[in-house]
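Shared between the two complexes below is chain A, which has chain B as its partner in the first and chain C in the second.
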Partner chain A sequence: MAATAPPLPASEPRADAQADRRAQLGSLVQRQGAILALGLTLLFGWWRYGDNGFTGSYNLTEALRYNAMFALIALGMTFVIMTGGIDLSVGAVAVIGSVLAARLSGEGVWVAIGGAVLAGVAVGLLNGGLIAAFRIQPFIVTLATLLAGRGLALILSGNATVSLSTDAFTNGFIELSSRNLGRVPLPAAIAAVAFVAGSVVLNLTRFGRHVLAFGGNEEAARLAGLPVSRTIVAVYALSGGLAGLAGAILAAQTFAGNPNEAVGWELSAIAAVVVGGTLLTGGLGSVWTTLVGVLLLGAIINMLNFESLDPYWQQVIRGLFLLVVVVLQSRLAGRRRSVA
Partner chain B sequence: MASAPPAAIAATPTADPSTPLLVMEGVTKSFPGVVALSGASLRVGRGEVHALVGQNGAGKSTLVRILTGAHRRDGGTVVFDGRPIDFRSPQAAQVGGVSTIYQEINLVPYRSVAENIFMGREPRSFGLINWRKMNRDARALLARLGIRIDVTRPLLELNVALQQMVAIARAVSFDSKLVVMDEPTSSLDDREVETLFNVIRGLKADGVSVLFITHRLDELYAVCDRVTIMRDGVTVDERPMAEIGKLELVARMLGKELGEVRREGQTGFRDAGRRAGSGRALLEVDHIERGRALQGATVAVREGEIVGLAGLLGSGRTEVARVVFGADQIERGEVRFGGQPTHFRGPGDAIRAGIGFCSEDRKVEGIVPHLSVRENLTLAALPVLARHGIVDHDRQREIVDRFIARLGIKTAGPDQPIRELSGGNQQKVLLARWLCLDPKLLILDEPTRGIDVGAKAEIQALVDELADGGLGVLMISSEIEELTEGGDRVVVLRDGRTVAELSHAEADQDTILAAMAQGEGQAAAGDGQAAAGVGVPAAVGGGSA
Partner chain C sequence: MANARPIHGGMPSGPGPSPGSSTPAAPDLPDRRAGLRDGLLGGARRASAGLGALVLLILYNVVFNADAFLTRQAFNINATQVATIVIVGVGMTLVIATGGIDLSVGALMAIAGSVAAMILLSTRAPWDIPYLGGALAIAIPILVAGAFGLGNGALVTGFGIQPIIATLVLFIAGRGIAQVITDGELKSFREPDWQYIGLGRPFGVPFQALLALAVVAVAAWAMRVTTFGRYVLAIGGNEQAARLAGVPVRRVKLAVYAISGLLAGLAGLVEIAINSASDANRVGLNRELDAIAAVAVGGTVLTGGRASVLGTLIGALTIQLIRYTLLTEGASDAVARVVTAGAIVVAVLLQRRRGS
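Moving on to the complex of A and B:
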């Protein structure tokens, strides 16, 4: 998790050291709850669908390519949730990003990505600014920007799918999604870099610690003189920017900017964060558990595709699965507290 | 900003050392509908430990909040270290050389001890947090306070007293010129209070001034040099501590004559003891055991009797109360209520049987801050007040009005949110919550903690009156006077066992303290177990011995 505690010096009293080891063991169990579930799920998938290609390299690569977008959004959402907030606007931001990227795709790959990311950051700045300045509930503010953002995406696209410019197929834009580095799809590599950076930011910068401090006790953070407003604005800007980037990848993946895509992505991202074990109330969390959460939910959806099941039933199963994981997580978390 | 090293500020050349460090004069402050301060003054000398006393509502907190930048003043002057100041925020005050320990522990539970101490000025190298240095510095700071704990553990794993010590370490670490301590001792035990006093003396020796606010008068005399007394938003007196006696101090705070206070004693209890042995047996707790917390506790309460329950933190006082109230189950022993063995499966059963429980932590377990006085008062009575799930509002209002009048609850009206009431009045509402159910037994866990002298006496007198009316009271208290003056009998617990049962005549301060503290050696031997079970509390209690 966070605070990768440095080894205890030998001078600590023994009882403390023991208690500490217990606490660490407890948190390890909690952390590995999601990893364990992921392992079991993959094992089950290999046993049941392996023959159909579940564990085939094609399926795995394509699943990673697809889920990288969720991973980016969930990373931003992790930071938001660690402040005790929530960002419902990320799905809308992603489609704004995809429409913008599609429109700009002829201008070169960096322009397209930059436009999408900047648009996302702008929405995030708006979210964070409103939340910090007027102390409005993040739920309300981002619900409003979700609605407005969807509308904006429809306006930007003229309520139609925006096809990529023909240049996009030669200037490298579509490679944003289709390229592989070795056997790793580029979107997955981008997500991996983002998670490493996110982990460094969370654990080794003041900003990261202030995010957790604010989420853990808002009043204490204010009284301690932390730059509270700046932290909130930055967190939502980060979330918006990552959602914009995911939107650009979406456009490259679907060869178009479609304003009606990415429905419910905000909920998938929240689910992944929570499944990973980050507290919805804020103050406690880790970026790596979120990654595990994304992979776990991704694996489930992927496996359900191998069943010739009514898609509506697939949704029901996903919901039930989410409940099971969250209940398990809370039980493990409870055990951790009692160990401590 | 926050990153400015505070040491640099403290090191700037000070103004004329003969002038006081802090001079606040003619300070006024109004809130909508209330005048909180109407001409308050405060002078704190350099290297002086200065006490600020007054009842709740006297304006102490408002004055302190103005000093520390949490409130802005309406009028008056504040000169700090030779310069007029008007701090805009707690952060500005911190940078300006004033650091504060708040009454409510204002730290972040999930973050480590070290992070809490250095929050906002984490040591960095190459732009990234230097965890090794942060942990080392935190360890050194705490060692100065005589505390050895693993600073990488999350704060929530520490007990309240240790958390308060962490807050103190944080405040001290700013190298401020003035440290404001707003009731820092309300969650500390005697040994920890002594540690805090040593810290204060150390600060004084370094030329740092301390502004100390407390409701415990003994503490003032132990460390303070001078005292400022406030009443009704005005400063009424300022004197060297040595020149004012305890009774006179109380008299000045209450605005009463000295003789009046002398006649009435230090608590609101009449001299008790007159009731002992008269009523029928109401509650009999017979050698109950539960884990390590309770290992043979025995307590009995008769009708119309106040039984004091004494013991150090962790002695099992609260655990006994929880068992009686049905919140915890016992492994061995028996609890009888009205002669019948009880089998409460939860507090609901206990409430129906006629037991009320005012818990220790008013904020966390008692009040619902955003709800009104009316709703808070009738929270436990709702099942009685409701018919087919609909609350009978007329009856509710009638009950609420009756108890507001009877207990003298000072409130703008039944619909005022309870969080706006003073601590004493909140406690009265909680008492009323149980009294309106007409209980046979009332369990009070630290009924007057953090409540000012005046309201305290009122609550104590009220408890007395209730006992006269036949109510059995089991009163847990850390204040010895409350036990000696209020208890018809006093039961002393240690390590989950009853070690003494004293009649009112036998129960004096020394006897109770001796029973509570006796056998330190044994307690230390048991620490290994306790540390594994409950974590840090035991480490503080006996580990350092």
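Moving on to the complex of A and C:
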């Protein structure tokens, strides 16, 4: 993706302090704006739909259970986008994962989850390998694996929805989605652990440094001797694995592996990352802003369910919301990049 | 590690505005005929992987599958299926040549289809006047789609939003808008004259195939010999340099997104004419992916700066024939998808090899 931002004034060494401070404020708002928006959105929901159960524990629990899948996928997408790439294959990978998990659901929880995650990692390795070894653009490679992955899911499922094995209802597989730890649904707990792990990896490990370093400037990272190819492969494998895991949860949630599910998930994940405030050009960002982005989009969709709106109005409103957010982001990001 | 070239973002952009042509980039426009010749040869050369595959596919079908392949029916099926991809793909080629992308074209097809269906079904003036109503049912939907495309361009140029995100907005909202227009209903109609754009067979050839060829011819000509074409390539090659050289970057970008929208609108009309109905959930579904794949196979570099409209035509035909061949050989749709995806990667890979 070529950056198409308008030319920004290069930060001169003698940039005056006032502009600096204003830019820092812009940066702060961009970083924390999503949290503010999330707070306001929840407050609005409580005021408008509180009596209808928006803030009731049932709605919150179920919303978290559902959005945990998007959170996992968006986490992987965040890593990919931080390297300046993009992963369009995650929806297809999730479907492969859900079909495989449904097929393996009789063999036990860990086999089913393992199969789904391994399949996701395999697709991710293919993505990363093609991108790193042959220098094909991430957009094209993952577009191809999106198309192929959808086909593969149809092949694996025999062109029909795969029902869970009857054992899956007793061997613990469906609890992957239905179980609650206290009041927290298991998928949300898994997503929370994944985000903590992701944050630790990004901020405290050498791998995380590499991801951030070469997203900022791949050429410089390469010249500095960083293992760019290995990092790329790892990032796409991570994204694929998380998408596979989300697929297993989807199978447990819907009691089936449906090869036609999860259409457009890749774009929802990208939207969540961007809404959270990670720049698509890479090099900046945090996993927590992505989590806020997922929750924000999830809260909006959840609130729309309380209005008796036709589903197509929901699409329009989601699009408008994305429009408002990216326009605001671009204003603030312009200032922020002039600081960076 | 020997080859220190960045993968993301900074693709090698050629030294001149048209790296593919054999003439060195002169400050003034080259001689028109030479430009056209270079364009044809250069386009074919860049799409050589796709062209080679296309020739092989045709040969294969002629040799092993002649009874089915060399029939008017097979020709019509392939031409009909590929036409809207080509029409949308031409707009996509221009957008990608500037370094952008347009994810909204499928949704814009649906919007145009909805607007056209509402006009065709309206019983009020001026929509019910014979011929005028039909003409408006062509002009207005295309203009509406073009206006949305212009909006995409405004987001990209005015706010500096990444094209993938700017057009993602309409990708998400567009189908909703199309359904708002039709109130979420499937709109069926029967207007034999109007449906000529999808069902007409002048000289026995599907009308939309001729339409697609005309679009390709005009765009290929414009890219080669007009200043606009040079501007498009210059922006994709190096936007900053183009701006400094006095290229009206903002206007050219607005124009390519608007053109992409207009062509998506046209393709939407063709599709609803074929179906005698407008289903906002289905019109143009996934067409953005088909078009991007055709552009990539056709040798247009996704980071911009090089474009081949003819290549996009070749790319779309190649992908179409791969699918057709597999399906007639008895492969399932699922297998065809996997093979097609593999072919896209291989085609892009071969071009990269040749380019470096």
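Going forward, the second predicted complex is superposed on the first by the 305 of 340 C-alpha atoms of A that agree within 3 Å, B and C clash if a C-alpha of one lies under 4 Å from a C-alpha of the other, contacts with A are read in each partner's own complex, and residues count from 1 in each chain.
Quick note on the criterion: a contact is a pair of C-beta atoms (placed from the backbone, for glycine too) under 8 Å apart; a residue touches a chain by one contact, two chains touch by 3 or more.
Note that the structure is predicted; figures quoted are calculated from it, not measured.
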| item | value |
| --- | --- |
| Partner chain in contact with A:G39 - chain B first, chain C second, else both or neither | neither |
| First, second, both or neither for A:A271, with chain B first and chain C second | second |
| Which superposed partner A:L154 touches (first chain B, second chain C, both, neither) | second |
| Which of chain B and chain C A:L146 touches, first, second, both or neither | second |
| Touched partner set for A:G56, first chain B, second chain C, both or neither | neither |
| Touched chain A residues, chain B compared with chain C | C |
| First (chain B), second (chain C), both or neither touched by A:G319 | second |
| Which superposed partner A:L223 touches (first chain B, second chain C, both, neither) | both |
| Partner chain(s) touched by A:I232 [first = chain B, second = chain C, both, neither] | second |
| Common interface positions of chain A, toward chain B and toward chain C | 3, 5-6, 219, 222-223 |
| Interface residues, chain A side, partner chain C - complex | 1-7, 83-86, 130-132, 134-141, 143-148, 150-155, 159, 218-219, 222-223, 229, 232, 264, 267, 270-271, 274, 280-282, 310, 312-320, 322-323, 326-327, 330-331, 334 |
| Chain A contact footprint on chain C (complex, rising order) | 1, 3-11, 99-101, 103, 155-157, 159-166, 168-180, 184, 236, 239-240, 243, 280, 289, 292-293, 296, 302-304, 332-338, 340-342, 344-345, 348-349, 352 |
| For the chain A and chain B complex, residues of the former touching the latter | 3, 5-6, 8, 12-13, 15-20, 23, 200, 203-206, 209-210, 212-213, 216-217, 219-227, 283-284, 340 |
| List of chain B residues in touch with chain A within their complex | 1-2, 70, 89-91, 94-95, 100, 102, 106-112, 115, 119-120, 122, 124, 127-129, 131-132, 135, 148-150, 152-154, 156-157, 527-528, 531-532, 535-536, 539, 543 |
